[in-house]
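Just so it is clear, A, B and C label the chains in written order, and each chain counts residues from 1 on its own.
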Amino acid sequence: MPAYATNMRMKFPIVALALEIVIIILFAVFVTYDDGKSHGHDPHSNATHHEEDAPLPNSLDVHVMIFIGFGFLMTFLKRYGFSSVGFNLLLAAFGLQWGLLTQGLWHLEDGKIKVTIFKIINADFSTATVLISFGAVLGKTSPVQLLIMTVLEISLFSINEHLVAQIFKANDVGASMIIHAFGAYFGLAVARVLYRPGLRNGHDNDGSVYHSDLFAMIGTVFLWMFWPSFNSAIADPGLTQLTAVINTYLSLAACVLSAYAISSLVEHKGKLDMVHIQNATLAGGVAVGTCADMAIGPYGAMLIGFVAGIISTVGFKYLTPILASNLGIQDTCGVHNLHGMPGILGGLAGIVAVALGKKEGGDAAMQAAALASSLGFALVGGAITGFIMKLPFWGQPPDQNCYDDSIYWEEEEHEESLAHADHSKNKAEV
Amino acid sequence: MPAYATNMRMKFPIVALALEIVIIILFAVFVTYDDGKSHGHDPHSNATHHEEDAPLPNSLDVHVMIFIGFGFLMTFLKRYGFSSVGFNLLLAAFGLQWGLLTQGLWHLEDGKIKVTIFKIINADFSTATVLISFGAVLGKTSPVQLLIMTVLEISLFSINEHLVAQIFKANDVGASMIIHAFGAYFGLAVARVLYRPGLRNGHDNDGSVYHSDLFAMIGTVFLWMFWPSFNSAIADPGLTQLTAVINTYLSLAACVLSAYAISSLVEHKGKLDMVHIQNATLAGGVAVGTCADMAIGPYGAMLIGFVAGIISTVGFKYLTPILASNLGIQDTCGVHNLHGMPGILGGLAGIVAVALGKKEGGDAAMQAAALASSLGFALVGGAITGFIMKLPFWGQPPDQNCYDDSIYWEEEEHEESLAHADHSKNKAEV
Amino acid sequence: MPAYATNMRMKFPIVALALEIVIIILFAVFVTYDDGKSHGHDPHSNATHHEEDAPLPNSLDVHVMIFIGFGFLMTFLKRYGFSSVGFNLLLAAFGLQWGLLTQGLWHLEDGKIKVTIFKIINADFSTATVLISFGAVLGKTSPVQLLIMTVLEISLFSINEHLVAQIFKANDVGASMIIHAFGAYFGLAVARVLYRPGLRNGHDNDGSVYHSDLFAMIGTVFLWMFWPSFNSAIADPGLTQLTAVINTYLSLAACVLSAYAISSLVEHKGKLDMVHIQNATLAGGVAVGTCADMAIGPYGAMLIGFVAGIISTVGFKYLTPILASNLGIQDTCGVHNLHGMPGILGGLAGIVAVALGKKEGGDAAMQAAALASSLGFALVGGAITGFIMKLPFWGQPPDQNCYDDSIYWEEEEHEESLAHADHSKNKAEV
């Protein structure tokens, strides 16, 4: 690929401005304020009062997960922190506007999309799928490619979500299936299509340094703390919402113990691995998502989290290398281990829980259909999106510039930047 | 300037302790708990119930913006992180006490200031002006100078705020005029008076390193996330507050796209510049402030944010160097681009929106008066404050020690610290 | 001690998995969801409605303090950041499960522990004691030792808390005594038993570097911001809770000024010391804890904070070295200065305030009994726990590996990591 292809000079500004202008026009035509006359996603619900009062704190909690949580979680790469947190902000800011539109089209009132806190939370949710997929292709895609992925992925997400929630009427309050499994397998399908043989033997910049791992822990801990809000944000207010908070909280807590234990068990001399700690400790939040508002019992939630922590850690250690070498799926952040497998586990747990009658009015077959639909849309949609992203004029970076901010970001003080070792030994050694 | 002048040994402790003791005495005389009998800023309002219930989460959101947002946003300088986040904490902790007093004096009940959550939010607001001005003089002032600036600026802010809100009865719910424009032009006036010819050609430490830019992004993202709370914190509860949340959220989202696009357009090879991303992505929150609770329409908010992102980025690229070289205004953080111009844009948008009848009971002439008053107080007050800060006994650092923590902060492990090669000298020595 | 003793390979996974499995079984037997029929800690209270509505935001605020606040506060050590934030997450995730059980046993309903938001907040509180003690032994203990400490400390905390709250009926809303003093003196007793003569003359890694101090400031600022939620989380809703918020907010603000002033006063050339700023600025939150919901007046709260800031800073400067050299108490984070002395100050202030009639129904003798009980449980319990932790098979690190992540954490890129240049090219070029 010729070097000039990565020059974003005209491409990126034109795409970004055009998208934003189109969106503003669509908002002018379709979007209006909520007039307080109707609320929520379920037109049959009378819960107007509760929904009006409660969700604001939760709304901001989810916001924190999207912008700080996902953004900093991906700063673990030593030379890709600007892109991680910067493109995360770009994609999320764009995605939530696009998500408001694509989700709102299913819920028009008088031909208009009325913006409520509930719809804002759902728009944040829709961007989460993109940020998960971003993790799979981190370091290997241009911002133009990522904007295209955002447009397509959120559109497909909105269709699948409508299918799952309105047609199948399946339960997925914490979105194990429609966000986590969907986002992960979408991203893995994209990564497969964008397979780079040149990175088979790794890349100098595909790793962390001490402080980049600490920045990533900011993301981990914020995701961990606010996950109960994520899984309960759209639960029915009252005791059901409280159940979702408690189940998520306990699942995550149990998951931490199993993730630490297995990390120590599989690593050299019983040491812990930051990759596991940054990611697998969160798998309990993913896996309990579908069942979060069901009466699975506190210990049931903990069992799910416990198993998720094990699966996720084992996946990072043994499965990710196999996916890369045997299937050509180069999954930078290991989203398969944090979102993919735990998402499927969550979907399966949901089927079992509904079959056991843990959710009033639930239907196990519809839960299974929801899982299948989410995976199907993800894999097919991701593959198609991957082919579109592979077109040669979106500025995809050449192999040697992967995982490197300097291809997309100004470095004003170049020498400094190259030298900024954090440590004195450095000097001594030199 | 003789070196000993920067020794803070007696000066700083005496000033800090004296200020705190005076404040405690004033609190003992004037301040009491809220007894729940009256609430809010508007004595004609009956909204006691709502105001009592709602604002606590918002209160803490604004707190997060003040202490984490502003504090970390300024850590971008490679050797001034301790001062950025540390002086930010000092000034904010002092400022909110001082602000409770100076704002409370206008709202005495039985000769007492009754502390409510509403007044605490307003005190946080008053400190925001100081932290904005701090950005203009960052790296070039001693903590004693900064405490003096805090005393004077918050006093003037409280007068101007009273004028705008009570006399002009102008709308400025998100404070584009009374906080952002005021704080920016106050700081620029101070910076003009403290002009340092010795820094005309730049300074080795006036720049970032890789990880200092990532620390700054913590500030950016927290400001971005919680800005809807800032602009809606004192809005009328209910749908009006919701409108302020939605307008701010959408304005910020549109602003991100235009800031990224223009950054790429104006930079070398279409690359992005961290300075723009850290700052201009927030201009939409500033600019939509005055109109946040008005019925400008979701697309109206987005247009304001879109324009603000462009103006701010262009300002960083082209205007800041001109201000420094031609007008002698050395604006360290570029507050003119993030708070100054977008603040004026917000004030102008407010005039237009009120003239178009977007706010019941609004008066465009009064909006204009509010903007003029805010700018006038800022420029005159800032200039006078600058002359007081310029007095030779406040420990202002000499040019060569600007932008350097080591003049005010112990470095316990001196060799380490010098060597932990976030530092350019390191390389030179090697 | 033979080197292999620090190999965590089997020990840590077995202990962690066994603890989690036992806990899940106990949860299966004892723990159920809240059914909304009873709420709160006080069976005589009728405040069900309020407690149901209000605490969720506070709950998450306390969560943020536990996981981000404590976790990052301890990242100040240059080579112990992974362990600080990582073991903090491990201990907190385990501790909150254990705390739900040990605290819940005192409040069984129909033989079951019903999980409420209130109980979750209290479980977060119980983990705070462990994290405070962790600060005293930071860098000198293995994760297995720390898990053992967690089991024992939370069990003793739950007994002491029951004694103080239910038997003595003492007031300690912000837990100056039962969390801060208890956690500090427990940790100091453990540290005394684990005294290491080999560290008398310091250790190369027992210090900070520039960016590790900035990471620690993330912890400081989050603790500072959310402390009003900590001290008010279990206060009676309404004006009493508001009083707790205001008192804490003002105490902290006054404390910042005195901590900065004294830091400058006692240090070389009037400079500030990051250790003081990171810690002593928080002492006001600790010291006002017991009185937070009492009518001590805003200026009373400020006086407490003002004094706490002085005591804490002076303690760091002069007392910590004496404790280490004369009493054999090596207090890594100086928890004696942040939690110990300010906690006692808080307890004493509570006695005085209750004696002065600032709290309806309070009894000064019972306050004194609560303080004595907390200190007694801490010192005796900590000493016993220390002896158990000293048993030679828990993998305690040898002196030369103290304060060093590499004994417990994989470092995937070893050379990189040692040099931790942020950039591979760097080394190559040099």
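A few notes on this one:
By our rule, a residue touches a chain if its C-beta (ideal position, glycine included) is under 8 Å from a C-beta of that chain, and two chains touch if they have at least 3 such contacts.
A quick map from chain label to UniProt name: A, B, C = Ammonium transporter Rh type A.
Being a predicted model, the structure only gives us computed values, none of them experimental.
Viewed as a network of touching protein chains, the structure reduces to a complete graph with every chain in contact with every other.
Under half of the residue numbers at the subunit A-subunit B interface are used by both copies of the sequence.
Relative orientation of subunit B and subunit C, expressed as the C-alpha superposition rotation angle, is 120° to the nearest 5.
Put simply, the C-alpha centre of subunit A and that of subunit B have 33 angstrom between them. Each of the following residues of subunit A touches two or more other chains: 57, 211, 218, 417, 419-423, 426, 430. Remark: subunit A residues 7-13, 16-17, 19-20, 23-25, 27-28, 31-36, 56-57, 60, 63-64, 67-68, 71-72, 75, 81-82, 85-86, 89-90, 93-94, 96-97, 115-117, 120, 143, 211, 215, 218, 407-410, 412-413, 415-417, 419-424, 426-427, 430 touch subunit B in the complex. The touching residues of subunit C, counted against subunit B in their complex, run 57, 61, 78, 207-211, 213-214, 217-218, 220-222, 224-226, 228-229, 238-239, 242-243, 245-246, 249-250, 252-254, 256-258, 260-262, 264-265, 267-275, 277, 281, 295, 297-299, 302-303, 306, 422, 430.
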